[in-house]
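Two complexes, one shared chain (subunit A), two partners (subunit B, subunit C).
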Partner chain A sequence: MEDKNIFGKLLAIVPGLAIMVGTLFVLRVYVEPWMSQVTLFGYKGWLVKVMSLNYIVMSILLGMFYRNVLFGGKIPGWAEDGFRTTRLFIKIGVIMLGSLYTFDKLLKVGGVAITLIVAFVFGTAIFILWLGKRLNADRSVSSVMAAACGVCGVSASVATAPGVRAKPVDLALCIATILGFGIASMFVSPYIGKLLNMSDYQFGAWVGTGILNSGQVLATCLAFNPIFAPGTAVAYGEIWNVVRVISIPFVVFFITAWYWKNEAAVERVSLSSIIASKFPIFVIGFVGMTALSSLHILGAEGSETLRVIREVMAWVFGVGLVGLGAYIDVREIKAAGGTPLKIGLIAGLLKYLLALIIILAFIPKEGAF
Partner chain B sequence: MSDKKKSLTVFKTDRHEDIAAIIASAIIVAIVLIYMAFVVPSVNLNAQQDGKLTEVFVAEGATVKKGDKLYSLEVVKKKWKDNVMEEKHVIQEFTAKANGKVLKIAGKIGDKVKKDKGLIIQLSHQRGTLP
Partner chain C sequence: MKILLALDDNPRSLAEALRLARERGATLNALFVIDSTWEMFTGHDWLSGCNSRIGFLEYMHTTEEETAAATAIAFKKEVEGIPGELLTVTGDVAEEIRREAEKGYDLLVMSSPFTRGLEMMRDTVARVTKKLPCDIFLVKAEPKK
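Let's look at the complex of A and B:
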């Protein structure tokens, strides 16, 4: 398996990828249009319009069903490589989302996004380090949790773990906690947003601030409003998401520097080396796509060309989101417990609710673009 | 379980995955642009919003330039203003996005149209431009 040549590797991807693409095809082409026509409780399209059961949510649910029911908790070897393209599809989608903006639009909301993200990311990290001390948690546990709840779920906690010498079991507990929290917020947030009559701008800003994982931010925004266009929830949420992802190396450095304070025997690394190794360079692709859009190279707003690009983007994301669902292992979430669960739930909920209050109080419903 | 099996990516590292994502998105966009500019001979312009067709500004066979008005729709425009959703009936004009020729006018004034459904105008575009 390990010695496959490039063609062997590509071939190994096919079965899992075929399941992901096939699932999305059936959901988008047959299931969602059928559900939009079904009348329930006297309301045509109740399942899609009221319950937000669009193809995005169904993709994730079906992915979860594959892993946890059909495959008995583990993606089988023959499909594993295909499902491991999940993050690739989400990253391609994020880069293509850059086509929704021009630099002047980014500048309009960029300041608000940076202010909120920096305040929440570092505020959460500092709060968790303090809370960990109060709860007598191991310093490495607090550090990993601070990274996980502060900035970007799994990526940041995995990136921080070696620097703060976290044990694998602690890392697993932290990941289980934040995954459980992220999944719950992913399904609940669209209903809260509709209940509170939030605008796309407010919802994107809230979800981008309060949810911890790129895929989950995008899925939640698309569950709220499945349209890919400037001024929609996903367009605003992604700006927040990109700012948060960019902050990963800085938060990792901040937390590891805090850990080093009382540890003499750890290998210290510089901020520049952390940036060099951890900076998510796919963000450069996102900026590049925004540059093309700003120069009107991708076609005029309202053109058929942009419509086709956005249609392709929707398919790319959809495939990634089937995979995202398939990476949700219910047994892993059940394993959450102990101090990481306490810290994660307190900090995660506080961040989620505080972000909601601040957004409702200070962010107008009227979008910036 | 090997490290490879634990990995969430098919690539050697996350960095490789990032680079692959940039390359793949560039290829996808390039394919769409080339396809639209050089392969597609004409495009069907469906309504971009739900509404009522109020005017068609061009005739079949007419040559249009980028920016020329094609048709207008009466649409309900929703906009948040002072934290209240305002709904206004407005006439919105839609323009040509590239130089070309009107092949067919299928929409009739007064037709109620649904977003992305129902052809209004079929337009050929100059080769190498993005319709």
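Let's look at the complex of A and C:
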């Protein structure tokens, strides 16, 4: 493998990053404004307002187009380093999202979020461990699916797999199932939300609870309402996402302990070491931004600083979501099958629908902020 | 004659490659590719902390190396008396097979569908046969029980 110095590494990022930034620029500055003016079926802006084809959804779709059509199924070597920055962009975006909250607002919503998340995360995990037994699934398959469907999809699978000695083939099928379900719900949910006349609070709470993969939670909220401001779908959905992320080490501990309890070999499982190795540090950045916002260091609502932060946030997320789309390989998702697909479909659909029913029954339209 | 066998977990492709090598008095090289595309495959995992992700990628690499070692033992046991060697490389499976096939082989033997690493999720045969410089012999994989 070719060794590059720091300048070489930065240079290698440029081509892929230029595609991501250029795509978003064209979509945000030219395509979406044009589509907002186009009248279809007697409705001005039908594509954007009715079909939810805003720049966020189009960013993901174009990313998918690059990977699956233009690049023939694989991001080419010359663009790979640039597209790899996707993770960095989305993490920076999530840290910046912390500026949408203050601690008192988080406290108002936090109780509901924590209750729903804990109930759904552990409820789903326990249900899948039971379902896996009924379907005679390998224990490692049940474990990875329990983490993936219970918490936040691919990240939870990645965190759980080494601890439960998951086989690569099973893990690949699990991930394909989770992604397939996440992508389908990403495109369907905004229509359901609009059809049921859900508020941003209800929608954010629903998709934050019901969609399996956290990347898709973010994208779905922005597809429903692309505005970054307190009280929007993304502001609520991300509270749910962050609570889910924080729960990863605890769920990994619970599932790993369950896995080794009935194995002939013994492996010591320690919560503290799992927290140390699995806790995502960027959550601290998110809390830090919320602290700055709570101390009014970023200015009052409507200030120039906050306006600039939200504009930058829209660009950062948009660039990241082009990359997210480029990591969706339709052929790989179509290869999903076997027991992971059965478990994923049953548990995923149940979670998605149950979350919708509970949100509509118990969560008011008016949000806490 | 020089034959290249792309190894996966299908025992029929090894048996067929051995039969062909014996019948034709050919040299048989076998290629095992350690799949390095897990990082790309899990590109959606943007929430994991660095430690979690590195731990996962190391676990996958170790698992792949264990499979490579087990395959090497099984191959060496079967191949006795036939000239050739076992090659182990790390990379994108389809690209590595094609790269090796370009080194003067007459025939490539592989399973269809091909199930080495993440290739079970992809159409490897289509990717390999694109601009393949030699003939190819596809061996139908036994259905999984």
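Convention: the second predicted complex is superposed on the first by the 365 of 369 C-alpha atoms of A that agree within 3 Å, B and C clash if a C-alpha of one lies under 4 Å from a C-alpha of the other, contacts with A are read in each partner's own complex, and residues count from 1 in each chain.
Assume a residue touches a chain if its C-beta (ideal position, glycine included) is under 8 Å from a C-beta of that chain, and two chains touch if they have at least 3 such contacts.
It should be emphasised that the depicted structure is a prediction, and the values quoted were computed from it without experimental measurement.
Contact with neither subunit B nor subunit C is seen for A:42 once the two complexes are overlaid on the shared chain. Using the contact criterion defined above for the overlaid structures, shared-chain residue A:91 touches subunit B and also reaches subunit C.
Of the two partner chains, subunit B is the only one touched by A:316; subunit C is not.
In the superposed model, A:81 makes contact with subunit B only, not with subunit C.
In the superposition on chain A, A:303 makes contact with subunit B only, not with subunit C. By the touch criterion stated above, A:175 is placed in contact with subunit C alone, subunit B being left untouched.
In the superposed model, A:327 lies in contact with both subunit B and subunit C. Overlap of the subunit B and subunit C interfaces on subunit A comprises residues 80, 84, 86-87, 91, 280-282, 327.
Those residues of subunit A whose C-beta lies close enough to touch subunit B in the complex are 2, 9, 13, 80-81, 84-88, 91-92, 94-96, 99, 199, 201, 280-282, 284-285, 288-289, 292, 297-300, 302-305, 308-309, 312, 316, 327, 364-367. Considering their complex, residues 35, 38, 40-53, 55-56, 58-60, 63-64, 92, 115, 117-118, 120-123 of subunit C touch subunit A. On the subunit A side of its complex with subunit C, the touching residues are 73-75, 80, 83-84, 86-87, 90-91, 152-155, 157-159, 161-162, 167-169, 172, 175-176, 179, 213-215, 245, 248, 276-282, 320, 323-324, 327-328, 331-332, 335. Interface residues of subunit B, counted against subunit A in their complex, comprise 2, 4-5, 7-11, 14-15, 17-22, 24-26, 28-29, 32-33, 35-37, 43, 45, 48, 66, 79-83, 85, 94-95, 97-98, 130-131.
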